[in-house]
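Following: one structure in structure tokens, then a few remarks.
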Amino acid sequence: MHFDAFDRYHEKDSRLHRLDPRVKAVITIACILSNALLPDGAWIAFLFAFIFLLALNVVSRLGIAYTLKRSLIALPFALIAFSVLFSTPGNPLSMFHFLMWDFTITDAGLLRFVSILIRSWLSVQMAILLVAVTRFPDLVHALAHLRVPPILTTIIAFLYRYLFVLTDEVFRLLRARESRSAASAAQRSGGGVLWRAKVAGDMAGQLFLRSYERSDRIYNAMLSRGYAGHMYTLNPHEMKPGDYFAAAFAVAFIFIIQILGRF
Amino acid sequence: MPITHAENKFIAPRSECEGDVLQVRDLYFSYPDGHAALNGVSLNLCGGDKVALVGPNGAGKSTLMLHLNGILNGRGEIEIGGRRLTRDNLPVIRAMVGLVFQNPDDQLFSPTVFEDVAFGPLHMGLPEEEVRARVDAALEAVRMSSYRDRLSHHLSVGEKKRIAIATVLSMKPSLLVLDEPSAGLDPRARRTLINLLRELPITMLVSTHDMKLVQELFPRTIVMDEGKVVADGLTMEILDDEALLTAHGLEKP
Amino acid sequence: MLYSPAPLHIPENFLSLAVSAACWVVTILTLSLAISKTNKSLGERQIPLMGIMAAFIFAAQMINFPVAGGTSGHLLGGVLAAVILGPWAGMLVMTAVIALQALLFQDGGLSVMGANILNMGLVTAAIGYGLYRLVSNRSRKVKLAAIGFAAWLSVLAGALFTSLQIWLSGNADLKIIVPVMLFIHALIGVGDALITVAAISFIMRTRPDLLGEESESAKGGQGWVWVGVAVTLLVVLLSPFASADPDGLERVATDLGFIGQAQLSPFQIIPDYTVPFLGQTALSTVIAGVIGAIVVGLVAYLIGRGVKAKSQAAGSK
């Protein structure tokens, strides 16, 4: 049972949890776009966007720093943006020598670097919050309503359902491999890299065949219940006045942030 | 009593009725690789019958079950509730025969319990209120009403098995066909399932290796081996016939 | 160890809106084509098949093998999916995997999902299937060699495209990002290639019918050879140029007007965040802000309209 490691949803009874998933999805996308629209160095706007985020964290009852803790995942990639520190023309702030190159950090470069990070970091947290307060199947429904083609949402729904089943199979395969590769401390077991790659590839092939056969059985189970090539689902969500109010509130807040971003 | 072990001799069904729920006559089927899985199977089921289908692996039990709602098409005749199974009435037949597969992870292919139990009624083209009513009734029947909005992957094996039965009950079938319902269950979950099967007021054909389950639940047993029905009669008598059981790799509970 | 994010995923808002939008357009157009093609050839069986295959790719990405010094080789799966399922279905499956990773794990952002799907799902499938198709009549060994090369190159191609998109967004220095990304992914690509080849070889041995003439795998037309070879050539020619002569590429991009266009965010439509005829006044700044906000509001409105139309349709069903 590994589902805990994959489930990002946190069962709580909060206003945010009860909000219609479509509203949550749209607000999240709007906030991410709004962040992208903010110019470099729009500190006040960044601050307000951050306060908005903290407020949402509180409303969600997940704790004020919930998304903060979870947001570190994007950090390693930030190193790529590191290079703008040196490449953006501007007044030099500091200079250092590394190997055979000279690096000059410019004020404009620093401004841009920090702005890129903040925009990304605020947006990542919005996305983290979305899946923490929305059950994934509801999110898939929301996507279907946002005009994502049904074939894609259907594949994603299947993917989500069987993610847990197939990763369990992978762990069984990996465990079986581990229990058979008896490594002594002095000697590395199991031949060279190529051999190890082949073992991994065989596992992938094995997993593929099992999955393929499983898809046959699932297809039979679907046929048995009247499937004839078209998937029907019910829409269990209905927009309530509170949902419209929340959407309007978020849009208004985004307006304010956008205006603050220009001062 | 018409119990014999003669493999080539057709054994008349015990039931007095004509098979008002299910009639299978001379069913033959070979897989594309040439393996003959069914060699002339005939059997009848009547309303209210609860029948066990036993036999060694490879006897053709699962292949037979896949024929009962037309997923496989062999040579021979199948009638469900007096209707001959043909390509044209497949949708109707599939609503009448509730087939529950062995692995509940194959049966429950939707992310949530609600979606899975609603799948059958939705694909029968029922209106939304009716679908919802049927989902509630089916979950009630398997005592899982509180699981309506749960995610399928959060369920235990025993819970999955019961939801799997609900996914076909919601289609209001006249015949319930279960493949190995007690496989992989711990004693408590198995007990719950047995009680559930006993309570369900519906004709059922259950394939199983669990001879204790057979003894406890099913008045009638059909023994299959090598693609044929080799015995069909009162469970009590079949379980007393040690020669028959040994011949077909079965054990007395 | 449960789930390690792949390095190729571009995180949220790491591309400028213009580059994100351009990638979304390419991705959506390609996916529309993929959907209409698969819908045409779609057997009823294919829906559960594609769903399970997406879960398979996701799970298979966790299979690793130790290389050296604590590093390990991984499967990325783009080429594997395309070879097994054919190019269009392979693209849809990879799209689902990438979308789930972004939605559920924030592995790759929502705004940049178009780019991530393009780099990891579409380009990889085109290269993988094209090169596989090129040698479809040759011996098993040749096919495996082609698949291996395609898998390695597809990872490299993804890295190249990613680097270029980030650079065009003005979020990285070309001189640094291209060599670094290509170097790292040349190594990662070897891992993907080895596992992909071993997996396909396993399938060829145990279930040759699944890759045979009647299979899903054979459903792509000969045109894929051209697509595959063209993308391959593009990558093979562009990679050395970009890493050896970044200044040259930068000059070309500037000359073509790419850089200015790409870094141009909608808010810059209004120069210096002021409205020209109002001059540098507070009022002007406010109005510029309002216009920027309207863009957001408009997008939200359009999405919301989609919601409403859809729920009415669902309600009347």
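Note that the chains take the letters A, B and C in the order they are written out, and that residue 1 is the start of every chain.
Criterion: contacts are C-beta pairs under 8 Å (C-beta built on N, C-alpha and C of every residue); 3 or more make two chains touch, one makes a residue touch a chain.
Everything quoted here is computed from the prediction, not taken from an experiment.
When C-beta pairs in contact are tallied for every pair of chains, the largest tally goes to A-C. On a Cα centroid basis, the chain most remote from subunit B in this structure is C. Centre-to-centre, using mean CA coordinates, subunit A is 16 Å away from subunit C. Once the centre of each chain is set as its mean CA position, subunit B and subunit C turn out to be 46 Å apart. Residues of subunit B found to touch two or more other chains are 109, 128. Each of residues 48 in subunit C touches at least two other chains. Within subunit A, residues 136, 157-158, 160-162, 165, 214, 218, 222-223, 227-228 each touch two or more of the remaining chains. In the complex of the two chains, the subunit B residues touching subunit A come out as 66, 69, 71, 91, 94-95, 97-99, 101, 103, 105-112, 114-115, 118-120, 122-124, 128, 131-132, 151-154, 167-168, 171.
Within the complex, the subunit A residues that touch subunit B are 3, 135-137, 140, 157-158, 160-162, 164-165, 214, 217-218, 220-228, 232-234, 236.
Per the touch definition, subunit A reaches subunit C in the complex via residues 2, 5-6, 8, 22, 26-30, 32-39, 70, 73-74, 76-78, 80-84, 86-87, 112, 116, 119-120, 123-124, 127-128, 131, 136, 139, 144-147, 149, 151-152, 154-163, 165-167, 169-170, 173-174, 193-194, 196-209, 211-212, 214-216, 218-219, 222-223, 227-229, 231, 235, 237-239, 247, 251, 254-255, 257-263.
Contact residues of subunit C toward subunit A in the complex are 2-3, 5, 7, 9-14, 16-17, 20, 31, 35, 38-39, 42, 44-45, 47-56, 58-60, 62-68, 73, 75, 80, 84, 92-93, 95-97, 99-100, 102-107, 109-111, 166, 170-173, 175-177, 180-181, 191, 194-203, 206-207, 210, 265-268, 273, 282, 285-286, 288-290, 292-293, 295-297, 299-300, 303-304, 306-307, 310-311, 314-315.
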